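Take a look at these structures.
Here come two complexes built around chain A, the first alongside chain B, the second alongside chain C.
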Partner chain A sequence: MIKTTNLTKKYGDFTALDNLNVEIKEGEILCLLGANGAGKSTTINLLLNFIAPTSGNAYINGLDVVKNPKKTKPYLTYIPENLMLYPTLTAIENLDYFLGIGGKSFSKAELKTFLEEAGLQQEAFNKRVQFFSKGMRQKVGIALAIAKGAKVLLLDEPTSGLDPKSSNEFGELLKRMKNAKVAILMATHDIFRAKEIGTHIGIMKQGVLKHYFRNDEITLQNLEKVYLETMTLNNTAV
Partner chain B sequence: MFRYNFKYELKSLLRSRWLLLLSLLLLIVVLFAGYNGKEKVKERTQELKNVVLESNTNDAAMALVLDSIESGLQVSVNPRRMPNAPMNVAYNYPRVAAIPVAPLTFISTGQSDLFTHFIKPSAYGDSFSLDYSELANPIQLLFGSFDLSFVIIYILPLIIIAFSYNILSEEKEYGSLKLLASQPISIYQWIVQKTALRFFWLTLITLAVITITLLFFGFDFKTNFSAFLQLISLVCAYILFWFTIVLLVNLVVNNSAKNAVSLLAIWVFVILIIPAVVGQLANSFYPIPSRTKMITEVRELKEELSSKQDKILDNFLRDHPEYASKDGNSNYSFWHKYIASQELVEEELKPLISSYEDQLTKQQNWVRLWQYSSPAILMQQSFNNLAHTSTTHYQSYRNQVALFSKEWRNFFKPMLYGNKNFTTNDYKKLPSFTYEPPINSSVLLKVVVLLIFSVIFIFIGKQVFVKKIKKGTIIS
Partner chain C sequence: MIRYIVKKEIKEIFRDGRFKISALIVFVLAVVAFFVTFKQYKNTAAQYNEAKANERKVWESQGAKNPHSAAHYGNYVFKPKSPLSLIDQGVDKYTGISVFLEAHNRNEAAFSDAADQTALSRFGALTPDFILLYIIPLIIILIGYNIFSKEIEGSTFFILKSQGVVGWKLFIGKWLAALIPTLVIATVLFVVAAVALTSLNDFGLFEWKEILALYFVYVLYYLIFTNVVLFISSKVKKSGIALVINLVFWVLACFVAPKVASNLADAKYPYPSHQEFNEQIANESKQGLDGHNPWNEESQKLREQTLKEYKVDSVHKLPFNFNAFLMQKSEEYQAQVYAKHYGLLKEKAKKQGGVYKSLSTISPFLPTRFLSMAIANTDYESHWAFTEAAEEYRVGVQRFLNGTTEKNAKYNERYVAPADTWSKLEEFNYESPTFSEVYRQNTSVFSVLIIWFVFTAALLFFTNKKY
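Up next is the complex of A and B:
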């Protein structure tokens, strides 16, 4: 569902992403760990075609994202670190707007169902989102993915700044999405959450994917150890 | 996408109270500007009414005296005002040559602060072009008039800037742009639609407010519908021009603070600097000779000619034997000499006056040529044309008055030299002045020019967008 082949992004002499080769199939969650500037967000931006790759390719559902931007986007939903919605509109209106401009129209009852499925409290449906917490806004983002029938979910540090309860709820939502055969790529700093929900875990440093594990191949303790070692070691291939 | 943009942009604007604020602000400012303009027009109309009334009263008194004289009655009138002497009528009972108020005069004061609106050209003196009895206080000229044209040309762009300077950058800074860009839409199409919607709402409010103002101040839409259409097409094109600039700056700069500064700099450049430079260059390239110097020269010339009036009269009578006295009486009055000298005075003054007029015409042509360099000049010229307050209108009026002045003098000439009395019958034949406005240059051309500017900005905006999307700097 998500595939990159030798995906590279350079800004002058600086290499933000170096020959990334990953594949995430339906019902898989790849959690990319790494410090700031490791290339996690660059990977997501390339998959969203927000920036053009220097070389290599990125595919969503078998389609090259550069060549088919409008064809790949109906399949995906993106939730950034801070999902910003229109503050003067309600949750339902925001959902209706983002779906509507993409060509998908739903009744109010259907929109409410999507928000319910995403775990948003009913009393918040008709409230302006300017009063929403980050966790509530992200639930609207998940509702957007559910409504779009997204096959791909791209998450850029979605749990940073969330309290443990909200973070746990969000993790549960992702598991449900995974069970619904959605391919998920999540960039995160949260090793515990990555181990808990990821089917695969990658560790990135300076634009290079240094480690790639299946979840059952590594324990949380070892993952933390490898992560810390990777972050402190000099930049050598592993 | 358009349906959803329309629906939710409207909701957002209503909930943020932008539309309400805009409507109120524009209504207050435009109504006040309309009131200001109307007050000036009212003052001018009243002044004209008074002058016409005074002239009519004088005429009625003259007709009465004339009738008494013709009936053989004794009249007690100052001999210098006795109406049976043709030159007394020519001097004491001039007609009013006025430039009337046009239906849209109140929207643009234009040059009306600088020029007079009525003249009473009599047989004596030709200095009507130097008549500035109605000249406004120069302090007011310094600051300009707060009329509708001022509001539209100067203030409306500032409102557009305040309304939309961050139309794209806000989305980027707030973080919603990434969510938008992850939808299967074209961000360029989206921003164009959003700008178009703001253009639509602001234009709608502005036109509504202008229409209300015109209605409030008694504008007759039925008879002046064409002028109204021209006015609103100019306003729409001007608003579009500014919105395309806002769009372009959003695409090029894409940072709210920098957008605001850039747009204000553009406003200063387009509205203040270009017109000032064009005006200054017109003065430098085609300097107008000193008016004081001209008046002094005119006086010197007249003095010189008046000392030779006997000789001039001889020459005049040689050139016009039909005016020579048949009974050999060579006792000619002041008027005989004065009227005889006028042809020569006009001839001698022609180069002096025309050097002034020529420079003025060259300046006007220069401004007319460079009006396309700034929409502000273009709009001011168009508004003045619609309001009949342009320099062209006043120049045409002056020329018409000059012709009328000659016609007035010539009417009395045969009576003066033929030693004939002025009669009631002559009174009925007195020439009168009717102002004919010059043919206005087409507003359509100016609207087209503004549209061309807008299309160019949209085109450049698209190129910038494509480049920035490739670089990835629009969204990230």
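Up next is the complex of A and C:
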């Protein structure tokens, strides 16, 4: 569902992403770990076609994102780190607007169902999102993915700044999305959450994917150890 | 997609406290401005009608009198107040609305509104044109300064992009949404003005096409402002910075540019001082015919020429009253002197206007201001047209009065015209330039406004690769 082949992004002499080759199939979650500037967000931005690759290709549902920018959009939903939404609009209005932009229209009752599925409390449906916590705003983002029937979910540091309970709830939501055969790519700093929900885990440093594991290949303890070693040592790409 | 964008933006604008408060302030200001101006307008209308009727009555009831005494007695003519001066008073407030017509002298227009007010009036008054020209652009800024930058600040822009939003549709949607509240405010103000004008029966000829033209000019002005505000918002990532840049543009366009243009025009084509101007006229007048002095050189020349032309040896033998003939020739000479000097002054005013108008390219405020005053018939051109019509009438009055003596009295006879003479003088009826004349005179300014719109629209819609 998500695939990159030798995906590279350079800004002059600086290489933000170097020959990334990954594939995330339906029902898989790849959690990319790494410090700031490791290339996680660059990968997401390339998959969204927000920036053009220097070389290599990125595919969503088999479609090259550069050659088919519009065709790939209906398949994906993106949730940035600080999803603010439109503060003076309610949760339902925000959802309705974003879906409308994507060419989809739903009744109010349907929109409520999507928000409910995303775990938002009913009393929040008609409240302006200016009073929402980050967790609540992200649930609106997930409702968007559910409503769209998105096959791909791209998440940039979604759990940063969330309290443990909200972070846990969000993790559960992602597992449900995974079970619904959505392919998920999540950039995160949270090793614990990555181990808990990811089907695959990658560790990036300076634009290079240094390590790539299946979840069952590594324990949380070892993952933490490898991560810390990677951050301090000069390793080669996998 | 555009429908969704417009709907959502309008919702956001109307739920935003800033818009609610500013719209309320504009509404209150507009109500006060219209109320005050309408009251003033009605008073002026009543005064105009009363003064015009009284002046004629006084003129006609002079009784039996020497025509030249009547010429010195003089009479006032009044500039009719244009109906659209309810919206834009233009220069009327400062130029005066009546001219005293008398023998030998061309007087300036007098009795301006400003002269009746305290020095504080120099700081400006709350008028509908102030709301239309200065305040509504400020509302546009408040509506639009963050219309794009908020999308970046709130990361919603990235979601929109990931949803496949089409750049030009986003621009059109936001542009329409920013424009709708402004159009609603402007339309309400114009409809109120039109309703108020149609309720007045005895004052000026109100024409719908004129108010529609004025409305169109202001809509164009707001479109330009909307383009600029949205362009700045789309180029700046932080809303605070976008607001500051927009406010700087507003100050430059609405306050600094007109003053710069006026100073440049004045520096390039300076007006003579009032004293200089009057001295020049007085000196030139002295060199020519003097109706009250039959023994000066020019009068003697005229006398000899006339005797020769009529082949007689004495002015007594002329078939007309030579005194009145001399008086009329003297009037004609003085009228020529006035025409020459006022012509030079007008030429200078025209050149100043030309400089001022050519600077319309530095701010959309300038062409809008010109067109607004021109359509409302309250601009400097319309003032010139009135004073010239008044002078033409003055010359005609002198011709009528001198002609009466010329035909009915012998040389050196003290002629007393019968009481019914005065009613035979045609009344002064000034008609303001027609709409098509105004349009013709201001085609270049109108073109500049159109160019402003096209340029800013192109800037907004074609220079944004980011969206």
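Worth a mention:
Assume the second predicted complex is superposed on the first by the 234 of 238 C-alpha atoms of A that agree within 3 Å, B and C clash if a C-alpha of one lies under 4 Å from a C-alpha of the other, contacts with A are read in each partner's own complex, and residues count from 1 in each chain.
Simple rule for what comes next: a residue touches a chain if its C-beta (ideal position, glycine included) is under 8 Å from a C-beta of that chain, and two chains touch if they have at least 3 such contacts.
Not measured: the values here are computed from a predicted model.
Bringing the complexes onto one copy of chain A puts chain B in a clash with chain C. Once the two complexes are overlaid on the shared chain, A:L89 sits against chain B and chain C alike.
Of the two partner chains, chain B is the only one that A:A52 touches; chain C does not reach it. Applying the stated contact rule after C-alpha superposition, one finds that A:K73 touches each of chain B and chain C. In the superposition on chain A, A:Y97 contacts both chain B and chain C. In the superposition on chain A, A:S167 makes contact with neither chain B nor chain C. Note: residues 48, 50, 70, 73-74, 76-78, 80, 82-86, 88-89, 93, 97-98, 100-103, 128, 141, 154 of chain A belong to the chain B contact set and to the chain C contact set alike, using the contact criterion stated above. Here chain A touches chain C in the complex through residues 48, 50, 70, 73-74, 76-89, 93, 97-98, 100-103, 128, 141, 144, 154, going by the rule given at the top. Those residues of chain A that touch chain B in the complex are listed here as 45, 48, 50-52, 70-71, 73-74, 76-78, 80, 82-86, 88-89, 93, 96-98, 100-103, 128, 141, 154. Contacts from chain C toward chain A in the complex involve residues 1, 3-5, 8, 11-12, 15-16, 153-156, 158-165.
Contact residues on chain B toward chain A in their complex (touch as defined above): 1, 3-5, 8, 11-12, 15-16, 174-176, 178-186, 190, 470-472, 475-476.
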